[in-house]
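Notes follow the structure.
Labels run A, B and C following the written order; every chain starts at residue 1.
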């Protein structure tokens, strides 16, 4: 992984064999990012995405292996009890171009991943909401 | 729904049972947003997306129900005759991770939806183009 | 194609029959854009997206025709040997809402395409990496 910062924009390259969530956290901690919007593209060969069932308050995961191109990776960095918290969703296309995705648990880069982190000057905390079973944005 | 504004960035949370287009319009009107880029993720359990057939000048709609994760939601806020006008496209993954999407007519949030609105200081009006049958950006 | 620039944001409209990569390059060259983040939506009726096989260092392409709605189009403008270089990935939904995508080689607009180019004040060069067979971001 390597990155450069230009004002409120961080451009990052994540390398083969590296996991996207792990690398994003490293960058955010080094740069002191508390709030940001994240976008990326690239290629992965091993990823797990979940779908949340509100009634059961539980994520169900789907794992995929093989050559995939990331077609969307969007999300935010915010904080929970002041600490780093990332929430990313991703979709990726396979050899036939068919697209699969969901809540991103884990994705390992195959060729390269190119990420833009747009740092926002502010704080948004997350708080656990027992009704939905998730850590949601607390605005007030 | 709740939101906070940090300069030209608005972070919003849309809550279970709320419809995304309705809530985005409320935020834009309260904040006086005339031009913006919109991005979001989250979970929905009822949404309708369309595909436009230029030859017929008509949208065909597909509706989906069940647990879905938004994997892409992108679009713009601009104006038509000076009034609020949003144009959003969305895709979402089902329990198997299969992704469906198109022009967003309507989406009801199940767990939560997290949106970033990047306000742009300018005006872009839309005008109806009779040849394509759509309200397109008028730049000049 | 037509566009307007508001500070570091360029809003563009790409018109029926125009190819997205060609039009983006025209805008970037006219505006002297060296580094940017790109996002778009719209409708296309002819596009080719690839998937990269790292082991073979080769892209495999899938082509699609018919009414499709772009649900994600993300990427970057950077430079290679100082010259314009765009890297875009795209996914699009068909008449049933099924989504297909990958590395964007070529996409022809059917109704309209609306693009936001977020210009970044900086330079990131690409260099060919013989191990992965791609032009990747060189940060240092």
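Quick note on the criterion: a residue touches a chain if its C-beta (ideal position, glycine included) is under 8 Å from a C-beta of that chain, and two chains touch if they have at least 3 such contacts.
This structure is a prediction, so every number in the text was calculated from the model and none was measured.
K.L.:
On Cα atoms, by how many degrees is subunit B rotated relative to subunit C, nearest 5?
P.N.:
That pair's rotation angle lands at 120 degrees.
K.L.:
Regarding the subunit A and subunit B pair, does the interface count as same (over half of residue numbers shared) or different (under half shared)?
P.N.:
Mostly different residues.
K.L.:
In whole angstrom, what separates the CA-based centres of subunit A and subunit B?
P.N.:
21
K.L.:
What parts of subunit C, by residue number, touch at least two of the other chains?
P.N.:
39, 71-72, 91, 99, 118
K.L.:
Under the stated contact criterion, what part of subunit B meets subunit A in this complex?
P.N.:
2-4, 6-7, 9, 11, 13, 16, 39-41, 43, 45, 67-72, 91, 93-99, 110-112, 114, 116, 118
K.L.:
Considering the complex alone, what residue numbers of subunit C touch subunit A?
P.N.:
Within the complex, subunit C touches subunit A at residues 35, 37, 39, 49-54, 60, 62, 64, 71-72, 74-76, 87-91, 99-103, 118, 120-122, 124, 129, 132-134, 136-137, 139-140.
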